[in-house]
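Shared chain: chain A. Partners: chain B in the first complex, chain C in the second.
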Partner chain A sequence: MASRKKILLKVVILGESSVGKTSLMNQYVNRKFSNQYKATIGADFLTKEVTIDDRTVTMQIWDTAGQERFQSLGVAFYRGADCCVLVFDVTAPSTFKSLDSWRDEFLIQASPRDPENFPFVLLGNKDDLEPRAISAKRAQQWCQNKNNMPYFETSAKSGSNVEQAFLAIAKNALAQQNSTVDLYNEFPDQIKLTNTQKPSGSGDSCSC
Partner chain B sequence: MASNIEVEPGATKESVLIPSECLENFDHMSSSLEEIKSENNSSVGSTYEESNFVNSNTDNFEDAIDKEENGSTPEYDLGNSTEWTSKNKHIFVLSSAGKPIYSRHGNEDKLAWLFGVMQALVSNIQSSDDTLKSIHAGDTLFVFMNKKPLILVAVSKTGECVNQLTLQLNYVFNQITSMLTLTRLNKIYEQRQNYDLRRLLAGGERLIDHLLDFSEKEPAFFLGAVQCLPLASSVRDSISSAIIGACHKIKNLVFAILLAKNRLITLVRMKKYYLHPSDLHLIFNLVQSSESLKYSQHHWTPFCLPRFDASGFLYAHVSYLADDCQACLLLLTVERDVCDVLSEAKQKIVEKLRRNNCLEPINESIATPEETAVNAGFAEIRHYLYKCKSTAQFYQPSLAPPYSKEKMRLIEIYKRSNQQLHNTARPLKLIFERSANEAIFSWDTTAFELYVVFEPLIDIACAIDFVTKLLNWVKKREDKLFHLNAPTF
Partner chain C sequence: METEPDEYHDCFMQDGVLLKQAPSSHMTALNTIGTLYIYEVTRSGESCNKKLLLEWKQNDITVDSDVQYQEWAVVNTVQKRIRTLSENMPEHHNRSKSLKINFDEIKSFKVCNKNRQLTFYDGTSERICGFLFQHGNCEHLVGMLKTILKVGVSRRDKQIYVVYDSNSPEFQELNRSFAALNLKNEDNSFWHMFKHFKENPYEGSLGAFAKVTNFVYRSVEGSDPDILSRDELYSSITELDDGVPHSGGEYEVINALPQLPRRKEFPRCNPLTEEQWRSQFNSLGQLEDVDSIKNLIFRGGVSPTIRKEVWKFLLDYFPWDSTDLDRQQLINKKNEEYYVMKLQWKSISQKQEDNFSDYAQRKCQVIKDVNRTDRTLEFYAGDNNINIQTLGDILMTYVMYNFDLGYVQGMSDLLSPILWLMQDENDSFWCFVGFMEKVMSNFDIDQAGMKEQLTQLRVLLSFIDPVLANYLEKHDCGNMFFCFRWLLVWFKRELNQDDILRFWEVLWTGYPCHNFHLLVSVAILEHESEALMENDNGFTEILKYINELSGKLNMELMLNKAEGIYNQIKEADHLTDSVRSILGLPLIGTKNRGSEEQSSQQESPFESPDLSTPRTEPCCSVDNVRISPDEIAFEKSISSSFL
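On to the complex of A and B.
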């Protein structure tokens, strides 16, 4: 049974409201797109299997709500993520400017063990729309200062680059999981009998 | 009704097991005093009755099923959906981060989205410094147990109450602990919140699967007791002394347990150390779910007994006595590398048992089913459970019609009665209940619990008369039906 090691990756998607987080997921998982905007309430959850280097992994995607009133939920959602995806809208400058605060908030709340090297991926979405407000160059510059965060320009509408972006996300998340050391042999577990207390609730003690 | 009954079958001065007080304190482990303290401080949990919160979830749920039925959408993959949704009980285990660890039915990878929802529910309530304990939605009960670093969830249509489902979840948690130790489990998540625990539990799902089936079928679990293999007390004593003779010189051997057919034959323990029935249930489960043990000469495995000490492993030498005697012997030590010593001890035990002619009575008892109540002379009694509290042991006769083919219905009757007696809001001492199918007499005293299922038309006076006779009957045979000694090395 131990031959096929299953791996599940937790991926959290963050960014301002209506940048297209839900649309990206929907495009990636269901290959569907809708022009209608339905704000996400709390969070949505999706599962997607991907194959990376002959290995099947399951991505558990946490599509969070960008609207301010749901922000307090974040704490619970960020915990134990393997990768964080930041999304902005290339036609809306404010959604780019807030990236820093999304990233900082994530690192504070999720408090990963090695924040410097925690895998983030940046997506500039709505690539199909004009006029552009944030150039690819500007976004890339921002990424350079953030430990060379990978950057993709996507369109949830046309589907362009979506598959590639999520594959990169899965790879980065997997790298994070693989760096897990062999936890099993780290701790000695021998019981020292002298330390073992007599369990509470044992009624009789006359034999001692 | 005679409330000061003097007959207390099966009671002894010193118990071989730690007495268990029904469900109370059942989830407390000996090495988790901190947890007990903090739990006592914040015992105000919440029960959400059909709140909006719930409805949105149920909506999603039905949504999911709809979608599945109208051509599958991969994100809401419920495996074989109608089969999956028609199960009357689901058990899930996940990490605090919401990563799936175990699902009783279906493929937990495919259900990953659902685990996310469960984590969101639990942590959303937690973020307002409260605890989500249960959700009641129509005939479905959701029970949540937030037992750091894991979250356990039961979704049930079985009619079991919150306490009973919590008890079952607690067993699942203890089963996981038995494979890893609590210390290790905590360390793993301290180091890696994102850890996929299935890596370490690979192969262990089988134990959990079996435990769940086992705990649903066996009264031992809700009674918090074990049943003994009936044996003349002289035989049981001579078995115990054979074990003591072969083992008393072995350092650090904590428990020697002999069992057969899901019944305890004897338990010898190191002075000062006691075994809790719930730990013994995990041992029974280990033996039962490992058929392969029968074909190997012996088996050596680390095994943590969470109630005994959740922080470390004991090492278990497990073997069947002989080809001609299918009783299973477990020698539990704190030493990692004394397998050979224990194999030798086992050989000595078997030789001694053979010489003292102990194997035949064991075999005979294994082959002989317990008498049915009717055969024992209780014409109106179909079945009963008698639990002696001070020794955490119980006795039940063989199944008789109409339950021979409806064991689960009988178990449900008992579970319901047990629940009524131990209802935390309104505990009862004595219940006589009549339905079209049977009459049930349940009685909780300081010394014992008794559940008797009668023919439906029996009148009360007659029932009480039978109960008194039954208690005397058990009392007369207590030497044989119970393990009345508490042997030590």
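On to the complex of A and C.
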């Protein structure tokens, strides 16, 4: 794929209210942190250009409201995502516990064509705060069971690790997009729709 | 050629058609299955005298009428059957079992029941006959009819197609609009594009012209005739055109020339002054003329010096007819009530809280949110701000007041200006309770209230700006999600503090109609419509554009426009009950029993027991509110995307 077509990567940030989704997005895109951000209502996104392996891509980062009852709006915003970023607050155990449901909800609503291999990245945010409630080890364990989801500990406040985390997010999103593009190019239409699973895939969880 | 006998030429055939309504002569054939034909007869000896006829012919074998709808059978089956059955044609049109309709008789027809039911009328609101299509639907037949007859969609009922004759006012109006367009002296390429409409079946061109004329009128109204650029016309036509002739399943709603009345200006007035306000109280401290007070507030808001007091009335803390004494007693009573509720949660111990997760969750969310509420205002700024603490206390007490609803994000935004103004915990709480009463359904656990508001917004927009509404529909924005924030917190995030105080007090009057904030939204969308439809914008661009309007809206202008829109709607002669019900206007369908809408509702065939198959969907009435098929489709799309 040597085409120089503009690449747009859509990234969706999910997690409980107040874990720092809006702050992370702003830290990454604008390199700013403010105590004055408001709770998110509805949805918004910011874009940023990044260079990955000599290719310039545009990341479109979507930020939605965290309170549970607003999740039903998700479908309009999750559609077409290339990567999903799950965020929890390392000082708030409940935000860690709800990760499974955020992940499941995303897969249901976004219904990516290959859910087993859809890229997620986990961020443990507010790394600068004490006391910690969730250790890095515990978070990594959770990730291992989830297709070895990459894990980063970040601070939207200090900016620590934010750049690295989003670079990994961009790479995963790009890889995801390339894999779906390959899928499009390799198979005729009929196969594309029904047989997206790689031969090594464990189950037939798509096409529903 | 001249000496041949009558010649029949079949143009169309569809089987599986149940006769549902018929003249008394055909009573016995009711509810039996047959085949519908359209054929051309050439009289012998008069080769130029061709005549088209529509005929329904009962099948010889009685087919079990329980046959379920077979959507998959639509096209191919019909074509196949044309081949096999045509051997028996044409002289078998047995009179006793067939019903012939002359096209001249048809003055209108109605398509309903998800395109499965077609009823013909002779223009005196009498039915000629009605059919139910058991195999597929009547789309193909309607397509045929549109090529044969000159039809447009009724102003009163989008399901009804009216057959125009060349003397009808509609037809004249159409010709006039066409002439008006001609005057624009557009270059050839424009008319080139128009050509294919002419060559197309009449319906296609009629539909498209209707939209063009709509566009022309709208543009001319909008003061600057130059905005009627070729590009705009072109895009409005092409974009609308592709849906006109055949739209899968649901019929494209063509606004056959429904013109809105001219929009009037409603300049805003000065705020209600202290003098005006004081002069309204009698010796007992009762307001004399509540309506005129509310009207003044609607027109100009409230001057800041009396705002604190007036808001207590507007937010139903003080009854409008209360006396001084009543209010004194009320304050004491409410004060006590408030502190009792506050004490309830203040006295919950940490241990209790640990074992009371529903409560703990609500409390946690309140604390998170108050810390992110209007921190840029001096009143709420800085660490350990006492007002932030009070904001939290009021919201927590509200949780105790209405535990089932609890705390939902957005509520802190609604309370913040109230506390800022009142600077009193008890007063603020009760005013907040009043505000919540007005917007409670926005915070439903299943978001039903918000879904409804978004649907209503879309219905109103299609009425006022069908071009934009259509554009949004076709660009993945039909769900109107991009207006979610506007509606959830009544523009709190879009306006500055001064404006929000003014805006809310105007809306709280409930004047001039229900859901006036939706008309404000329509006004903004219409105002921005050019930018919204630029560059083939889709959901992403539109959401961004709308979000970035925050801080840039001219609130007074929007109120002015919204009131103009309200008056246009009220005076529009094609006003529908679905729009009326949104704005709380009296419904016509329920009042004028003799009106056309009512009569078509009464004859609604959905009561027939054999129609109540699971696939049947009401598309006529819900609590006497007319809902057009596209509205239902939209609601379906909206609820499925919420699921």
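Just so it is clear, the second predicted complex is superposed on the first by the 175 of 208 C-alpha atoms of A that agree within 3 Å, B and C clash if a C-alpha of one lies under 4 Å from a C-alpha of the other, contacts with A are read in each partner's own complex, and residues count from 1 in each chain.
Simple rule for what comes next: a residue touches a chain if its C-beta (ideal position, glycine included) is under 8 Å from a C-beta of that chain, and two chains touch if they have at least 3 such contacts.
Because the structure is predicted, anything quoted here is derived from the model rather than measured.
Contact with chain C, but none with chain B, is seen for A:A65 once the two complexes are overlaid on the shared chain.
In the superposed pair of complexes, A:K48 makes contact with chain B only, with no contact to chain C. Using the contact criterion defined above for the overlaid structures, shared-chain residue A:Q36 touches chain C, although it does not reach chain B. Contacts of A:K6 after superposition on the shared chain: chain B is touched, whereas chain C is not. Using the contact criterion defined above for the overlaid structures, shared-chain residue A:L73 touches chain B and also reaches chain C. After overlaying the two complexes on the shared chain, residue contacts for A:S18 are found with chain C alone; chain B is out of touch.
Between chain B and chain C, it is B that contacts the larger number of residues in chain A. Contacts of A:A81 after superposition: chain B is touched, whereas chain C is not reached. Residues 41-43, 45, 60, 72-73, 75-76 of chain A are contacted both by chain B in one complex and by chain C in the other. On the chain C side of its complex with chain A, the touching residues are 364-365, 368-369, 372-376, 408-410, 412-413, 443-447, 479, 481-482, 484-485, 488-489, 493, 539-540, 543-544, 547, 641-643. Of all residues in chain A, only 1-2, 5-8, 10, 29-30, 41-43, 45-49, 58, 60, 62, 72-73, 75-77, 79-82, 110, 112-113, 176-177, 180, 183-184, 186-187, 189-193, 196-204, 206-208 touch chain B in the complex they form. Interface of chain A with chain C (complex): residues 17-18, 35-39, 41-45, 60, 65-67, 69-70, 72-73, 75-76, 94. Residues 13-15, 18-19, 21, 25, 30-31, 56, 73-75, 77, 95-100, 109-117, 119-120, 123-124, 126-127, 181, 183-184, 187-188, 191-196, 198-200, 202-203, 205-206, 252, 254, 270-274, 276, 302, 304, 307-309, 311-314, 334, 336, 390, 486, 488 of chain B are the ones touching chain A in the complex.
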